[in-house]
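Several structures are given next for inspection.
Paired with chain B in one complex and with chain C in the other, chain A is shared by the two complexes that follow.
Showing the complex of A and B:
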């Protein structure tokens, strides 16, 4: 059983005539009977997803469109009560955001680069830990279920509870991390800071990996369940060792799972707001100034919602681009194979 | 026949959804009225003045009950932490759905006034509170831009002072609080030993840092905004002022570097109250001191040292801090809200609440209570009426707090991790903050 079941029969076909939902009167039995049976059959899947599509529009698309609209306005505190009175900024907000010689653009670029580095490291480490965990726990042994449950705890904990605990652990004077590293292991002469300065970047990655690797673990574990034992047996008969089996059987078979997993992890990590916000509060250290917090700062805290929206739109465009390139690249390679 | 059922179900689902979506659009006019008993209820967002949100509820509840007894209006109280308060107010302003009455930090007055969200207190309306004359001048000056009717009325008066631990001073052989900056540094050095420090600061708190940037900036003669309202955060005077503050940790080493992590606005106070630091430049901390069992035998309050008059600058050592009460224009029960403002500025309520919080009544007739005769309150009162300056009452004030406060957070972080922080580094950070103000 392969996981990817993207195309369903019928999903690609179009209805014969421009149908859409019939008028509300169509609920009445007489009219419903008059709609040709063929049309009804073809329209059914569309009608079934219609509520979901409408909800999706309402919950996701409408705010996004409003956000895009806001990005063209000079929306400051003077117009909060009545957005329609806000003067148009044209492309001004965008120009400021991408003017890398100016203070706003420069700090946005800095924040963007920090976020890229952070995302690459976090996704890489999470995936690595996830695959290690999943592969090591593939065979059954005593206590596997307990260990598995234990590994999933960070993912099951509410973000706030988990991250605020980390922020206590990482405090310089009273945190457990420094107590262990400095007082017991004597690794540092001076107590290092973990929540400010350059170490804050490391702390952020550690906390984020701690939060997101169980998800990678969970998904990869599910993916491993789908690999037939026959393949391993065949490989073993051919004399393949553990490492060879991993490279020749496990990883290729996990390919479709990995494709989705890495993308999802990337998007979640890139956009992560909760972790840095709970860990550092409203003003993140310069070295760990993730873009989500940065945009929040630019809009909410300095009350310039137009500028914040413009940055969000830029971020959205970037993520769309990355996603598109990624999907094209990975599916082409798959069809090549 | 079997096929029709899901078909109809889908259509019905879509219709229900469309209907609820429309329904949501119709409702704003009636939202916030909280059912039929609206006339008898108001919603009040209080700021966190006590040791905890719970503590605030305990302090406020008897007063609110008294209000209900007098007017028949029930008060839905919510105490909002400082970290959320401004955002919540902005969200309420944007959506038009919020409480009837809200506490604001008085430094936000002009910024929030510019949003037009609050009921302006013109002379006629102020008469219902007993008129302008009843309020203390400095507190009333921090209620909005000059020349416009205030959009909030002061309820708690506060300002900055230098708290000191009498026992630690005695042990270090210091017989009186410092009166000059040199004395403050010298005393701090004497106090700094055996894991104790001279002074505690909230080094990662945006608002504390911004307040100190303002106070010391004035001491050096800096003007944050010029007459036309343009920001000038990076003047030489402001740079020197901030450097002087940072140097308490960087050069004089009388502040624990760990303080650069303190962000939530309680940790420096905790250090002072637990005897880890001998001095603290802060507003009223009456509830915290009370909880720690301290009396005026244990601590003293002095004005923050003034600059040497020969060096120029201004004789300012504090800001006019405090809490104002504002009524939302969108209040579901405006009459009730205005009555509540009357109640909160009445003599009795002023005495009870300011006594509990250790803050100063903002109306002159409330001072006849002996509780306001204590040394601490008298010192605060003296500072507020003579050497405290209000923050610039301009619409961009809150942006100043955020940007400069943030810049100082980063500077403190640099200092704490041992990076040399020069005059140029401070100026560069301030210039960056200034540029972010945009046009």
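Showing the complex of A and C:
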């Protein structure tokens, strides 16, 4: 992500210049001339970020370091009361996690692959629905503002409220989905289960797309607003039709927005815990065993926090790698363009 | 500019399908909340045959919903307020000062956004327990602990969005204020903040929504007295019965504050997002 800022270096600590135009608001110049002001201003940015730094340290960075430490310990239920007494496991937890012949490694790999497939499909579909919605919303027509607000509701809804509603829709005997598919359209002879078995993967994607496409829609609409009308008019004068304008103006101009949007959607979806947890409860079906739930379960069901931490660290490494590759690849393409 | 003749048709077809997908669950939430229990346990009905408001009364008794509601309200409001305050200062520093460590700070803060929550759940749990004992402050299973946790969740995005917003405010404004005798902090308070109100409002909504909707930490870091709605709503599924009508009623009621706030203020959120996402 290329972060360019508009302010000039040192813009914040320029003393009032005596030769400049007269200040608009009077003669209260004495405060700015105090001697220790310079030192104070050097320290000022650090003071301003201090609260944020402290909180990030407490809640994110220190726990992460401790988590990495825990991943090298044999932290089973016998040591929960006294963490420091847990014997070192060396790389043992990692060796078990990536031993794909063993039961732990095999189920971790399975969960990882399920998560990858789930993430690719969810991000792709959310983006697709978002761009369709945003493009079709361009221009002015009756009901536009109301429709736009309604589309945003799933994103505004608390996760658990939206997902609980879906789990009601997906109930086998009393849900809307089977009522429509079986009773009204007669697509299935037998009522299928949607929250257990292989269908649960489809259900999970539908629910996640329902929740995240409005976000893509919102961001893409904001991006579309920033494209100058001149570009469209120039293209129209050159004889470009609607489809051609979409391909030659809209999509290329959205590239910086897409770059950030896809990354954010990817990270949110890959780490998603809330949706499967509310939809399936503590034990997700095998076919929809997302990695966060998998780690949560192997930590709290087996009470093996060392092994759970090792899996989390592997997950973090994977996300770091993907993000780094993605950022390098997209910014290179951007500077080529 | 001429629109092709098929566009209005395609528009209504496309938007209609999206609307159907988006709104069906909301329709079900609304209508099922007004059905008696036997109607939500039998075959699904598109149009309720019996309409009752009983679920809206019963839902407060089946689980202590009022307490969960109050907990969520306190946690989310305080977290949003503090998060915005801290983000304003940090974003101002990033936007207006060039200092050694600026880049490391912004990259580190942003990258915490990608951490899987599961990675620091267990260590944070341990830190809160130990810190609580050492300082005599209850952090584990308390609203304070949840507030601290949640406000850091929204902090990275808030700082990033506000820094983008501040960047779009000309530095000439601050300079005028400084020429006028204000220090940098005075310039922030008197000139930049009023100009950035839409961005600040957007960030506050975002922070509130984040805290209101979080499930993972709420499920581990709370006990019966500090439980929030995120976990509390699962109490309607008992061993004998699942009170779907009450679940839908409760979901509806807990959604109203956030959805209303979001829809009223979404204009600002879009402006804030635009400033943040396009820089």
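Simple rule for what comes next: the second predicted complex is superposed on the first by the 289 of 337 C-alpha atoms of A that agree within 3 Å, B and C clash if a C-alpha of one lies under 4 Å from a C-alpha of the other, contacts with A are read in each partner's own complex, and residues count from 1 in each chain.
In the analysis below, contacts are C-beta pairs under 8 Å (C-beta built on N, C-alpha and C of every residue); 3 or more make two chains touch, one makes a residue touch a chain.
All values reported here derive from a predicted model rather than from experimental measurement.
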| item | value |
| --- | --- |
| Which of chain B and chain C A:227 touches, first, second, both or neither | neither |
| Residues of chain A touched, compared between chain B and chain C (which is higher) | C |
| Which superposed partner A:96 touches (first chain B, second chain C, both, neither) | first |
| Partner chain in contact with A:172 - chain B first, chain C second, else both or neither | first |
| Which of chain B and chain C A:147 touches, first, second, both or neither | second |
| Touching partner for A:55 - first (chain B), second (chain C), both, neither | both |
| First (chain B), second (chain C), both or neither touched by A:273 | second |
| Partner chain(s) touched by A:198 [first = chain B, second = chain C, both, neither] | first |
| Which of chain B and chain C A:39 touches, first, second, both or neither | neither |
| Contact residues of chain A, present in both the chain B and the chain C interface | 24, 26, 32, 41, 44, 48, 51, 55, 58, 171, 173 |
| In the complex, chain A residues that touch chain B | 21-22, 24, 26-27, 32, 40-41, 43-44, 47-48, 50-51, 54-55, 58, 77-78, 80-81, 96, 102-104, 107, 171-173, 191, 193, 195-198, 281-283, 285-286, 297, 300-304, 307 |
| Of all residues in chain C, those that touch chain A in their complex | 1-4, 7-8, 10-11, 14-15, 18-19, 21-26, 28-29, 32, 40-44, 46, 86-87, 89-90, 92-99, 101-102, 105-106, 108-109, 111-124, 126-127, 148-149, 151-152, 155, 159, 163, 167-168, 170-171, 174-176, 178-185, 209, 212-216, 219, 229-230, 233-234, 244, 247-248, 251-252, 254-255, 258-259, 262-263, 266, 269-271, 273-274, 277-279 |
| Complex interface listing, chain B residues touching chain A | 3-4, 6-8, 10-18, 21, 83, 87, 90, 93-94, 96, 111-112, 114-117, 204, 206, 256-258, 260-261, 263-264, 395, 398-399, 402-403, 405-406, 409-410, 412-414, 416-417, 431-432, 435-436, 438 |
| Touching residues on chain A, where the partner in the complex is chain C | 3-14, 16, 20, 23-26, 28-32, 37, 41-42, 44-46, 48-49, 51-53, 55-56, 58-64, 66-67, 70, 83, 129, 132-133, 136-137, 139, 141, 147, 149-162, 164-166, 168-169, 171, 173-176, 178-179, 183, 210, 214, 218-219, 221-223, 225-226, 232-233, 236, 241-242, 256-257, 260-261, 267, 271, 273-274, 277-278, 291-292, 295-296, 299, 305, 308-309, 312-313, 315-316, 319-320, 323 |
